[in-house]
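Please go over the structures that come below.
Heads up, the next two complexes both have chain A, just with different partners, chain B and then chain C.
And now, the complex of A and B:
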């Protein structure tokens, strides 16, 4: 009986812990919203084939990533955030440094898109977003996030601006 | 005339003095082995190329040339190693999450394609570290393979 009680107490504890991890401080979500805003600027610059604007937006992404107040995160959240943010930072830095090489920027944008998608899924994006996918990019296609339902492909720009479709609506 | 002699003597003293300020050496004494738990699974032929051309700045073991023991050259070498390891350390690549590995490999691919890595200054001094066309192709192919597998795992 005693062990049962201990076990159920432990069970309850672990449940309440994971529930706690699902609650995200609104200030964190607000910071993630800022990251997403700059990510979307970057996405639009790439869709316009503008490497210079993409580089500028990439630098803004880097700055906004450092603004998240990590003291508001639980330890599990902190771990998830660090992995995502470290990766996003590195990708955004490369985009920021390679204004003259838009294909490099796009390759890092693909990885950054995955990071930002997971950030939004974990911490909230603060706005409705669409996950788009274009099967023509690279070996197995590339995904990105957009604020509009209309497809504007950041991987091809005007070469194939309409390639892709909405795969998911994120609210 | 005496002025110039004094200046030269002064410079010599400074030069001798700075020889005593030696940066810590980047050597952990452990041979890199691709199947060590912390390391990344790298095939032998790729590992040979990486060891020769990349590991001096991107691992925990540098092969120091003789002039790296003369200051201030040693300081410059130490800085390159520090910067290099901060960006990519093959000795610790295995510790990273699949997401981080994918990003590191992507950057590696771009740098090699661009010819910005290995650093032109480094190649100038280490002729043997230059990547031949065949080396480049082998590495890029390997990255593509790893990347494909990695991205499937990541569901990118």
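And now, the complex of A and C:
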């Protein structure tokens, strides 16, 4: 009986902690929304084959990543955010520093897209988003997030602007 | 009598004009929004080759581009591969332009990505088959998919239904005015 009670208490504690991690402070969601906005600017710049604008948006992504107030995160959320943000920052910095090398920017954009997708799934994106996928990019294809259902491929730009399909709708 | 003949002719012209405008409007509205359409892909692989055939919207009367990506088994893009494409209609009719070996796609876009531009003049289903062959070796791979050639959504600035109704109403008012004068 005693063991049963301890197990029940542990289960309850574990469930309540897990539920707590799912609650995200609105200020954090607002900060992540800002990151997403700059990411979408970057995506649109690459779709327009504009490496200069992509670099500018990449720099904005770096700035917005540092604006998230980590004191508002639970310890689990803090760890998840730090892992994602470190990786995202590195990729966004590469994009920001390579305005004249759009193919290099696209390589880092693929990695950045994975990070931003995880950020949105964990902390919310503040708007409906679509996860698109182009099977023609790289070895295994490339994914990205978009604010519209319309396909505008950031990996090939005008050469293959309509290549891709929506794989997931994130609300 | 003169008035009646005039009214009949005017009515016929008005009706004819309305019908033509209405038909034009129906043609424009009967097609889907191409903006949200997505590409479709098929993948195939054997021991040494992996290929993806991708087809975006095929629009009647417009040039469309069809893509084939070819990688080796390690995922490295393969250059110098021969990619040919054949197009057959839904009814099984062979496309006369691609009889024989088919049209050769070129590697202009990116290493390992082969493309072919083609204009489709008829709407309906079309079967696209791409054959990937590696020179100096007997390796080959065939990918196929069926796609739809659709009408383009056009906007010729034609009149809308409210404008048609307004035109007809104005014509009717004019006729009533003329009859009342006689």
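As a convention for this text, the second predicted complex is superposed on the first by the 171 of 171 C-alpha atoms of A that agree within 3 Å, B and C clash if a C-alpha of one lies under 4 Å from a C-alpha of the other, contacts with A are read in each partner's own complex, and residues count from 1 in each chain.
Note that in this section a contact is a pair of C-beta atoms (placed from the backbone, for glycine too) under 8 Å apart; a residue touches a chain by one contact, two chains touch by 3 or more.
Treat the numbers as computed from the prediction; the structure is a model and nothing was measured.
Chemist: Using the overlay on chain A, decide if chain B and chain C clash or can fit next to each other.
Modeler: fit
Chemist: Could you say whether A:111 touches chain B, chain C, both of them, or neither, answering first, second, both or neither?
Modeler: first
Chemist: Looking at the overlay, what does A:156 touch: chain B (first), chain C (second), both, or neither?
Modeler: In the superposition, A:156 contacts chain C only.
Chemist: One more residue to check, A:136. First (chain B), second (chain C), both or neither?
Modeler: second
Chemist: Quick check on the superposed pair: does A:165 touch chain B, chain C, both, or neither? Answer first, second, both or neither.
Modeler: second
Chemist: What does the superposition give for the shortest Cα distance from chain B to chain C, in Å?
Modeler: Across the overlay, chain B reaches chain C at a minimum of 7 Å between C-alpha atoms.
Chemist: Common interface residues of chain A with chain B and chain C?
Modeler: 139-140
Chemist: Within their complex, state which residues of chain A touch chain B.
Modeler: Within the complex, chain A touches chain B at residues 83-84, 86-87, 90-91, 94, 98, 101, 104, 107-108, 110-111, 114-115, 139-140, 143.
Chemist: Could you list, by residue number, the parts of chain B that touch chain A in their complex?
Modeler: 97, 99-100, 102-104, 106-107, 109-110, 114, 148, 151, 154, 156
Chemist: Which residues of chain A touch chain C once you look at their complex with the stated criterion?
Modeler: Residue list for chain A touching chain C: 134-136, 138-141, 149-151, 156, 159-160, 162-166.
Chemist: Which residues of chain C touch chain A once you look at their complex with the stated criterion?
Modeler: Interface residues on chain C, with respect to chain A: 35-41, 43, 52, 54, 56-57, 65, 67, 69, 71, 75-76, 109-110, 113.
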